[in-house]
Amino acid sequence: MEFVTLYSAAAIALILVGLAGVLIKRNLIKMALGFSLLGTGANILIVTLGYVRGATAPIVDSPALLEDAGSLVVKQGAVMDPVPQALVLTAIVIGVGVTGLMLATIVRLYANTKTLDVNALTRLKW
Amino acid sequence: MKPLFSLVMLALLATLSLRLAPLLQPGEELGQVAAHYASQGLVDNRGSNLVTSVVVNYRGFDTLGEVVVLFLSVTGIGFVLRRRQGLVLPAPVPASELVRTGSYLLLAPVLLFGAYIFIHGHLTPGGGFQGGAVVASAVLMMLLANRDRHLPHGLLSWIESLSGFAYVLVGFVGLFAAGSFLANRVPLGQWGDLFSAGLIPVIYVLIGLKVGTELSALLDQMTHSAEPEVKREGSR
Amino acid sequence: MILIDIFVGAIMLAAAAAAMWVRNLVSAVILVGVVSLAASFIFLRLGAPDVAMTEAAIGSALSTVIFLIVVRRTESHEKGPEVQR
Amino acid sequence: MQVLDVIGALLTLVGALFLFLAALGLVRMPDFYNRVQTGTKASTLGVILSLTGLGLHHPEWLPKIWLVALFVVITNPLSSHALARAVHRAGLPLAKGSIRDALRDEYGLESPALVESKVATDAETEA
Amino acid sequence: MQGGRIPRPADCAGTKVMSKKKSPLPRYLATTGLLWVMWVVLTASFAVQELAVGLLVAALAALFTWRSPRFGGSVLMMPKRFLYAMLYIPYLVKEIAKANVDVARRVLGKKLLIKPGIVKVRTRLKSPLGRLILANSITLTPGTLSVDMRDEDFFIHWINVESDDIQQASRKIVAGFEKYLEVIFG
């Protein structure tokens, strides 16, 4: 088995584990951790989609990757797909902001209700 | 009732992903757009790091939006955790003198390293987001070693808003020079030089400053804002 | 090399499952940090050094610290009988 | 060139051995403080040796690698100091058979929450 | 200029010995210089552009910490201190090597040869950076780990306590390093 396949399978498993945490756990911090795992799994999955066999990282620091010396055109299939990497790069940073917001809400909820149990927070239940 | 429902959903999702997994075939050749970015990125931007080209130039407008999202979430945290009036914070246990000395000793090198990462964003792996995170971790070190100190909020918010403003201004440079927002139409320089790739390093330095200050503000709010009166000691 | 890949993937999944399993929230947070660290190695293996750096700096450092601060401020132990599992 | 590679590989191997020793120490030692002891020393040397071995493979990286090693030498002992101090403040007792705890004798346990466990530490005279 | 900067090291606890009424400029320049050297090591390039940007960044980064406890500063300017600093490095390396042989012996031995305990030792060093290096050196050398410090007293976890007495323990643990550090940090 190729290692990319392995990693995409691991990423899907990680997404499922995180989702299980979010759905089953009742502790708010555990749910936040589950979200974090979910995000990590999704990020790995997206990056595996940009993998190109036999290519290097998308950093063109040697002329060997160029088509010919004068033109600055990079060879076909010499580098990985930069687009998923760019997306994941920003997604991680946004992820920490969102996690922070989630945790701030949890802290505030705890200060008001002294519990981390979602089932106890019935006021917002529909 | 609810757990059962969750389990059913999970099982459904698991089977679905098992069925869909064979469709994900990594390792094939690139799509048309990606192939253009990968092969022409160096011609268009002269920056070695193609990811940076995508983040800052091809998708520069998205990145502006993402920085704004980060800003909004930090503002939201500040709003949720705003200081309550008249609440006296209990004094935290001060860190050891050695740790304080160490944090002062390491602050400048770590800041320099963060700056190195975002200044060389177009040449080596790294860039504004990573450098910003490194800068924020330096700030975190200071916050944890000196719990009684607060960040200079005025200075931080000035840096933050000025760099955001400058980002938009640089975008307008592209609009006037080439007719599209954030277009990279200034002299590109020599491939591999520090001053190359046109506006990319400028924008990435601005992003680095902005992300660094935003993450620092986030950490500061998490460590310093009004604490609920729960048990202080004995919690691990 | 494939052995290392299997090892890292297994570590990552085991840490993730353990993070959802353990009752002590501090341990759970640290285990999620381990997942992030393994993820950053995986990004490096997949030829994405930029993403690996971001994940290492943000995923396993900053967000772990944020979680720890929150755990310190609330409770460090997950209560109650399990619903499932 | 070839010689440097061999030396580098050997250094990396020795470094890995020391890292293994650090891990083994974590398992074998009786209490937190002793574990940190062996862990810090062996892992610092292990990391430095492995990095230097890597540097001998790529001599142009050597300055950078030594910069990293310098950081490790500053931060590794410092962090174990911080850990040990925090743990002592939280009231974790020394292992049975310890000679004495001068810090506790002089300042007492800072954290009242864990005072009950103090009884376990009073294994004063056991050589 | 430094008005609203992050923390003001001048009132950092434990910074009892601040610089006397000297001009701060040499210290600032020394800090900048050290940071600049670090930049050059990082970039591994002597191109004019890199050097210029590095100088700028180093000068800016130095603004944050140049007043902190004895950072950089005077060590490089006095030949005697520099000489002792150079002598200190091989001494420390030797001690670290000894420490690791010691660790290997203890960990691999059939029976655990330990007699642990926390002892108190005393140091004469005043400078915060000197104390930091002393504590780090103690942690890295055979069988000792610095657990806490209050004023002059270090509390050392000793894996094989040889002496309970402050004087003797200080002589055994601290004196070797102090000899060098006292000269280096004055």
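A, B, C, D and E are the chain letters, set down in written order, and residue numbers restart from 1 in every chain.
Going forward, a residue touches a chain if its C-beta (ideal position, glycine included) is under 8 Å from a C-beta of that chain, and two chains touch if they have at least 3 such contacts.
Because the structure is a prediction, the values reported are computed rather than measured.
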item	value
Touching both chain B and chain E (chains)	D
Remaining chains grouped by touching, chain B not included: A, C | D, E
item	value
Between D-E and B-C, the pair with more C-beta contacts	D-E
Chain A and chain C, separation of their C-alpha mean positions in angstrom	12
Whole-Å gap separating chain A and chain B, where each centre is the average of the chain's CA atoms	15
Separation of mean Cα positions, chain D and chain B [Å, integer]	33
Inter-chain centre distance, chain C versus chain D - centres from mean C-alpha coordinates, in Å	23
For chain A, residues contacting two or more additional chains	4, 20, 24, 48, 50-51, 57-59, 85, 89, 92-93, 96, 100, 103, 107, 110
Residues of chain D touching at least two other chains	74, 78, 81, 85
Where chain B touches two or more other chains at once, by residue number	3, 6-7, 49, 51, 96, 98, 102, 105, 109, 125, 127, 129, 133, 215, 218, 222, 228, 230, 236
Contacting chain pairs - touch in the sense defined above	A-B, A-C, B-C, B-D, B-E, D-E
Touching residues (chain side chain A, partner chain B) in the complex	2, 4-5, 8-9, 12, 15-16, 19-20, 23-24, 45, 48-53, 57-61, 66-67, 71-79, 81-83, 85-86, 89-90, 92-94, 96-98, 100-101, 103-105, 107-108, 110-111, 114
Chain D partner contacts - residues on chain B that touch it in the complex	93, 95-96, 98-99, 102, 105-106, 109, 233-234, 236
Touch list for chain C against partner chain B, complex	26, 48-50, 52-54, 57-58, 61-62, 65-66, 69-70, 72-76, 83-84
Contact footprint of chain A on chain C as seen in their complex	1-2, 5-6, 9, 12-13, 16-17, 19-20, 25, 28-29, 32, 35-36, 39, 42-43, 45-51, 54-55, 58-59, 62-63, 66-67, 70-71, 73-75, 78-80, 83-85
Complex contact set, residues of chain D against chain E	18, 21-22, 24-25, 28-31, 33-34, 36-38, 40-42, 44-45, 60, 63-64, 67, 73-74, 77-78, 80-81, 84-85, 88, 94-95, 97-104, 106-107, 127
